[in-house]
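These are the structures, in structure tokens.
Presented sequentially are two complexes of subunit A, the first with subunit B as partner and the second with subunit C.
Let's turn to the complex of A and B:
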């Protein structure tokens, strides 16, 4: 008898996610927890949670955690990492943010953390809208995307173009790793896990800012079933947001 | 006999596991629970489960709490 899968140790016992049915947030959190387990990081980690649907992430993960308001997660993580370092303590610090948090209201904090080469990791869930507040158009919404604030679809004349976050982060000289992954099937879920693992390992090795953008579903605001949402990511969103590794300091 | 464990209290009836199982061993229950949801159920009369854990990997709510290979 061999256990092939069990609930990761880093997931709090008896926790039940508050996400909508079929929401990819749950898959991403499971992968993060699995990687923390596998790298033995749970005891030494500080999580910086953010605003958005994952705002109460500390209810699900058995980790030391702090909440950063409105896009400031990377700035808060910077302070935590540096303050511990000054005292001779090396903490593993990562942020978990949505696209609205990381790439919209917090873009300045995020980009400058990468430019400073802060030795932290940021995980950004990109579901191309402001999920928690009712599916408004965000900077990540793709051209033509119908949202609650772009009922005719996003158009470049009025709203401009969507931001390719992983590519931007990759351009920062302080970045050690930047990748975009997706969760629409088993193969891609495993790739996403490898990317998260690499990003975490690079922080452990002190290589600088590591980043994983995860294309994720928001079935509720997209008004699609969980399965249709995954098809949309595979067939439509990956055209605007190609999957891949945009920077790997060890290969460059 | 390999098997999976589904925690019904966590299942939100998204049915991503039903789509992911290569052996088609997961189905929606015939009767709804107290919330009116037809949660997922593991049915493997012919003992076909290969413990591939695809169902557990895709489940967004960690409602599939265990996959055991025998």
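Let's turn to the complex of A and C:
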């Protein structure tokens, strides 16, 4: 009998995700693990985890890992990458962060890592709210979005505008690759995997900062079913957050 | 002749510091300026971070990779780094942080000051943790204690701070730049370098299990107890027969030595006790001294931050007076001598 699907080697044996039902984190982590397997990177990788729902990643992946203080993942990753380089070793270093971590409290570290062309990869899960603390408005919450701290909906007069992270990162000269992907259907999941793969390959090739923003569902805090959540991403969120590749150093 | 700032930078390179992360702030900027060219020439990692937050977190990452790492900054900017000092203490990640103090609170100014004693020894980060704190009083000690800071930091897997003031950073003195006297510490059992032929390693402070978090903190404090037992350093100057002992750290220690000499010449048996490690504080030795000598005068370039540790250490029947000056120019001794004269007048009048 032919094996057509198996758990990626990079995922720890017997690990069980602790995410809410319908949350896209599980799919995103699986894609990351598959790409690490396919590129043969597992033994040479150091993962920088962050604060938020993404924090438990080190319990799921068989990777050397350090937890960064909230928002500082790209700075920690910079230190790791540089320290190994000094010792003559190229390590594969990536961060896995939420939108609050990457684009709110950590925007400075994120943007400057891209501007320096730091040869690391950042994966940012954008679920348009602070998920772990119970769904507060974040910098990525879209106009009109109801959250526990914007009960009347986000309005531009009081709360300003959501940040289009992938487009901002694409503007940085040190960025090699910046894309926004989603996970609401198989086609998009495959596109997401390709984007992650490209981002990882660009780091391997030493091309600079690579970035993938993943639009992800948060059914619990959105008060929607998993299916309704995916519909919301496809039909509503992509209007604010169009999918696509915003920078590819090889095609520019 | 070397300036304190440059001496620290040279010492760091001599003991194998391969990564430096910094952000400019007076009066320590020369450390980064010096290292920027030296480290580039040697193919070492020098990053002009976008903020002190970024700098200290780059240090966290680099040190988790097993590199010898240094960050330098000053007072108000060290405030920004407290969160990561707390993380690094819990994660048991070693690096050296240089604080060339300036006057505060807030932005204050670049005047010399010793007002970060509390920040360094008590800490501004959250949770139960301690930071090894070394206090040089001369440029030579800036070198010797930079070596020691790297060594202790690596040995105990804990951040270490070299706490010097702006006077020391800017002052030039003749020094001997000898070799690093300390052995290398093997870190191969914990660093992150890729899970090859071994299980993956995880460095994190998050611990949702109450019992595990409890035992982690207990473990950290067992380590701190060892540090307190083994790593205390201090200098005693003419304390054996002293009727009066001055206590002072850093630049004020050196300054107070000259005060002692002045009073000795005038027939007053004065000595100096200078803590070199501020954490661990030499309270045991200070207590021993206070069994015989009963009169102490603490001199600090702040409003009395070490004073509480001195008072806690002294025998109950010992007296401790305090001479303070929160900031500024301590180059002349007259003012201090006049204050001590007043204290002594009172002491002898009351026959304390």
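Worth pointing out:
In the analysis below, the second predicted complex is superposed on the first by the 252 of 252 C-alpha atoms of A that agree within 3 Å, B and C clash if a C-alpha of one lies under 4 Å from a C-alpha of the other, contacts with A are read in each partner's own complex, and residues count from 1 in each chain.
Going forward, a contact is a pair of C-beta atoms (placed from the backbone, for glycine too) under 8 Å apart; a residue touches a chain by one contact, two chains touch by 3 or more.
From a predicted model like this one, the values you see are computed outputs, not experimental measurements.
Overlaying the two complexes via subunit A leaves subunit B and subunit C side by side, clear of any clash.
In the superposition on chain A, A:112 makes contact with subunit C only, while subunit B stays out of contact range. In the superposed pair of complexes, A:186 makes contact with subunit B only, with no contact to subunit C. By the document's definition of touching, neither partner reaches A:164: not subunit B, not subunit C. Of the two partner chains placed around the shared chain by superposition, subunit C is the only one that A:44 touches, whereas subunit B remains out of contact. When the two complexes are overlaid, the chain among subunit B and subunit C that reaches more residues of subunit A is C.
Applying the stated contact rule after C-alpha superposition, one finds that A:86 touches subunit C and leaves subunit B untouched. Within the superposed three-chain model, A:198 lies out of touch with both subunit B and subunit C [touch as defined at top]. Figure note: vertex subunit A, arms to subunit B and subunit C, all at CA centres after fitting on chain A; angle 130 degrees, rounded to a multiple of 10.
Of the two partner chains placed around the shared chain by superposition, subunit B is the only one that A:17 touches, whereas subunit C remains out of contact.
Of the two partner chains placed by the overlay, only subunit C lies in contact with A:63; subunit B stays clear of it.
Superposing the two structures on chain A brings subunit B to within 20 Å of subunit C, judged by their nearest Cα atoms. Note: no residue of subunit A belongs to the subunit B contact set and to the subunit C contact set alike, using the contact criterion stated above. Residues of subunit A touching subunit B in their complex: 1-7, 11, 16-17, 19-27, 30, 185-186, 189-190, 219, 226-227, 230. For subunit B in complex with subunit A, the touching residues are 9-10, 12-16, 19-20, 51-54, 56-62, 64-70. Those residues of subunit A that touch subunit C in the complex are listed here as 12, 42-46, 48-49, 55, 58-59, 61-69, 72, 75-87, 89, 91, 108-109, 112, 116.
By the touch criterion given at the top, residues 18-19, 21, 43-45, 47, 49-51, 53-55, 57-67, 69, 83-84, 87, 91, 192-197, 199-206 of subunit C touch subunit A in their complex.
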